[in-house]
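The structures come next, written out as structure tokens.
In the two assemblies presented below, chain A is common to both, partnered first by chain B and then by chain C.
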Partner chain A sequence: MAKPVDLALSGLSKHYGRNVAVEGVTLRIAAGELVALLGPSGCGKTTTLRMVAGLVEPSAGEILIGGMQVTKVPVHKRNIGMLFQNYALFPHLSIAQNVAFGLQMRGVGKAETAKRVADALALVQLGSFADRLPAALSGGQQQRVALARALVIEPSLLLLDEPLGALDKNLRESMQVELRQIQRRLGITAVLVTHDQEEAMTLADRIVIMRDGKLEQVGTPEEIYSQPATRFVAGFIGAANFLKGTVASRGAEGLAIALPGGGRLLLPTETQEAPLVAVRPEAIAIGPADGPLPGNGTPATVEQVVYRGQMTHLYMRLDDGEPLLAYLANRDGAAPDGAGMRVGERVMAHWPASANKVVRDN
Partner chain B sequence: MRGRLSTSGAVLVYGFGALILLFILAPLLVVISLSVSQAPFATFPPRGFTFDWFGRVIADEEFRHAFMVSVVLAVAATAASFALGLPAAYALNRWKVPGAAAMEAILLSPQIFPILITGLALLQFMASRGLRDAEMNLFIGHVLITLPYLVRTITASLKLVDRTLEEAARTLGAPPWRVFWLVTVPQIIPGIAAGCLFSFMISFDDFPISLWLADAQTVPLPIFLHSSMSRVFDPSIAAMSTLMILTGALAVIGLEKLVGLRRAMGI
Partner chain C sequence: MSATALPQPRGIAWPGRSSYVSLAMLLPGLAFLFAFLVLPSLVLLANGFMTQHQTGEVAPPFTLANFDRLLFSPAYQRTLLLTLKVAFVTSFVTVVLAYPLAMAIAYAKPWFSRLVMVLVVAPLVVSVLVRSYGWQLLLGNSRTGVLNWLLEAVGFGVTPVKIMFTEWAVVVASVHVFLPLMVLPLATSLTRINPAVIEAARMLGAAPWRAFLRVTLPLSIPGLTAGISVVFSLTAASYITPAMLGGTRGAMLGNLLEQQVTTAYDWAMGGAIAFVMVAIALGANIGATWLIEYRQRARLRASGAR
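== the complex of A and B ==
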């Protein structure tokens, strides 16, 4: 495999007339890193990937692969491997001919082509399928052939456009593991586009959250989940309760916030205004309603109890009408009994101060 | 889920289908049956059985000449229409050509205008320009009426091409012309084949253009058939017609062998 190279995007933009698809994306992806572009449909993640591939011409900005300026280089000279959601295998060519396609374009000799095709098919464990036509293979097998076809040319970059989106859940999960192992083993720099947050978490070294054509937050999966920068990120990755109150007092411990529903929060921040706070549902614990008001907590009424195996989802309503969601862990599959597990019951929801994530409201 | 017909429903559907097929094929069957009739005139029902009329027709040098004129004309017109139609259809569909819609409409317009009038207009134009080479005039006229079929079928199959296949080929290092030949063309072969078949049959069967542009030396088969019929109406006319039907059938079978008729017709 060729030496891994880094990818740098600088002020990358794409406008279609007055519509802005991508605006000012600046991002550096280290050699050997797998970065996921994640966001809802229409956020510009696919357009960004297609600009890196050369399939879409940027309106502004630069693309550098391994320090080389490629913004004006046509697709077929960029030396990239790309996977598409619909696999894009050539239906009239056999599996081996599909994998050999990129080598033929590079004028590689017959003997070497045969050897490299065999190696690539062995890498994805499809050596015995060489003479079949793509239509004879399942979706998962077809995407593995597409992976072999993309990797056999020893590309500088591997671009993945929703590669597992068409597969069913179980197959998708095993393919995620396989894709990750192969990418790690070859040490190839990769960009993945997905709208599936679990897939991004599973595969990526770093996640780029995009919204309305712009970068919203960049970080490791853990950073993105535990320190969401904005309301959008907190709500898009996992679930979150959003709380906003008024400043009740300032002390040595920080800011005490009174919630309109009768609860309160303690924040170690110095802001003038009371900020928006996100609290993950799994951070919330339930106590009896007649207990003392905790440092971070609120009284609530249980509205719905949903048993989900490893967790029970508890939907509550605060006294000001705002919803509150808690995930309560189930030990050995048994729902936690005791206070507050019945609909209509009054409870006291509470959480540690560390669970308060101050986010930008956007 | 596919529904199953009840027995009475099946009888009705198949019976009706058979009637429609009979309606389409009966005239052809009548012609074929007359071509082997022993009666000296073309009368139905035929009497006896003989291949004599075919022998006479094939021995007729004028018929052989007319047949060859029509085959060569149909092949040449189809080849030229393909050579013009493929790049035209591709450019109009894939490139941002100013006025593409208008150009496509003009290319397809010979299908809409009365062919007889088109032929007359061509004759007037060519006469006014002093173009008296009947072979060349027929060739130009036939290209004019066959081109729309190729443009239309190739356009239709280009619209069905999976563009991500082309994108995949580009990322794998294929320059544009190799993407076209290695990925796009294999996908539109059925459309090309169907277009060529239509084109061949339209030209081979053409009367209204050839009527104006033929001369005494260059007589396409349909013109020859028509003038023979006004001289004498014996079963040799039916034999000639049967040979024309056979040529069409051979073209269809050839297409089936080459690309598969179902694929070619897009079914």
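== the complex of A and C ==
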């Protein structure tokens, strides 16, 4: 396998007339790293990936692969492997001929081609399918052929545009594991586009959150989840309750914030104004309404109780009309935390101070 | 393989009781076609196997003499071969011209694609007769021919192009007439190709022309064969174009047929010529279909033997 290389994007932009698809994306991806581009539909993930591939010409900015300028290099000279959402196998060629295609384009000899094709098909466990036409394979098998076809040319980069989007949930999860193992084993640098946050969490070393063509936040899955930088990220990855109040007092241990619904927060920050705070639903615990007001908590009224197996989702309303959502864990055998909760009941929701995440409001 | 298979003709079910009404509605049309197309065609074809008598009658004894003369006597044979040559060259030239046009229709920006479409289809609304007159004016062998006048003006010598009243004038005009019939099925075939498949070829290291040869071309074969069989058989069957532009050197089977029937009063020979013309048209269609199936069989055999 070729030595893994790094990928650097600098100020990468794509405009379609007045339409801005991608704007000023600057990003460095280390050799052997798998980075996921994640974001809502139309945020520019595919366009970014296609600029790296050479299928879309950037309006501005630069692309460097292994330190080499490739911004002006045509597609067929970039040596990049790509998986498409609809597999894009050659329908008129057998599986073996599909995998051999890239080697033939490189003028590799017959004997070596046959050997490398066999190796690549063995890698994706499809050796016995070599003589079939793509139409005779299932979606998952076709995508594995596409993976073998992309990897056999020993590309410097692997690009994946929602490669598992057309597969059902179980197959998608097992393919995620397989994809991850192969990428690790070969140590190939990879960029994955997805709008499935679980897929991004499962596969990626780092996640890039995109919004309206721009980078919103870059970090490991844990960083993105536990330290979201903005309201958008906190709401996009997992669920979040957003709370905003007014400064009640400043003390040695931080800022005390009074919430309009009667609750309060304690923040160890030094800001002038009361910031926006995100609290994950699973951080919230429920106590009796007549207890004392906790350091971080608020009285609320239960609106809906949804039993979901591992969790009970508790939908509440604060006294100022804002919603509050809690996920209560259901440990098998023990009485569930959410047991006996009735609609209309008054409760006291509370959480540890460490669950308060200060986010930028945008 | 779905991408290369022609649409299969659906079996025509024998009408049940409920469809007697629709059968009755079909009847007048069918009767008309039978009386004025099928029957006369069969009579004409049968004539080919009979003898033209001095009395003007076409009657038994049955004979293959007409076909023998058509296929082996030098003058007739020349016309037959010329017909095949014109049809072949016309098909070839239309294929070469049609691909870029079809690709523009299939892949270009919508406004450009529509413009090309209109330009390609436009000649179809002008009658063959008018178009042939147009080509007479353009290709005239003297200074009055527009092309020669133009070339002379730019300094190519006196009347450099002398193709009027040869088969080449017929080819030029036929290409003009039949180009849309090649472009349209090709464009349809091209739009059915998943663009990601071509992008995949490019990403795997294929320069644009190699991606075309290895992926686009094979996947557009259904449209290509449809276009070739139509253009080939229509060119081989043409009458007005060679009559107006071919002269005696460029006369084709259609003109020979006319001459046999109206001048030589040899209806037996006319029948034989008609028979051969029908055979060429059928041959072009069957040959094209067979070619696709042959490719598929060969591919399956090749992959089975690997």
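One rule holds in what follows: the second predicted complex is superposed on the first by the 355 of 362 C-alpha atoms of A that agree within 3 Å, B and C clash if a C-alpha of one lies under 4 Å from a C-alpha of the other, contacts with A are read in each partner's own complex, and residues count from 1 in each chain.
We adopt the following convention: a residue touches a chain if its C-beta (ideal position, glycine included) is under 8 Å from a C-beta of that chain, and two chains touch if they have at least 3 such contacts.
Values in this document were obtained by computation on a predicted structure and should not be read as measured data.
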Fit or clash between chain C and chain B when superposed on chain A: clash
Touched partner set for A:Glu222, first chain B, second chain C, both or neither: neither
Which of chain B and chain C A:His76 touches, first, second, both or neither: both
Partner chain in contact with A:Met105 - chain B first, chain C second, else both or neither: both
Chain B versus chain C as contact partner of A:Leu133, first or second or both or neither: second
Partner chain in contact with A:Ser94 - chain B first, chain C second, else both or neither: second
Which of chain B and chain C A:Asp320 touches, first, second, both or neither: neither
Common ground on chain A, meaning residues reached by chain C in one complex and by chain B in the other: 53-55, 75-82, 84, 86, 88-92, 101-102, 105-106, 146, 149-150, 153
Chain A residues within the chain B interface of the complex: 53-55, 74-82, 84, 86, 88-92, 101-102, 105-106, 146, 149-150, 153, 159
Chain A residues touching chain C - in the complex, by the definition given at the top: 53-55, 75-82, 84, 86, 88-92, 94, 96-97, 101-102, 105-106, 130-133, 135, 146, 149-150, 153
Contact footprint of chain A on chain B as seen in their complex: 162, 164-165, 167-176, 178, 182-183, 186-187
Touching residues (chain side chain C, partner chain A) in the complex: 1-4, 194, 196-197, 199-208, 210-211, 214-215, 218-219, 299, 303-304, 306
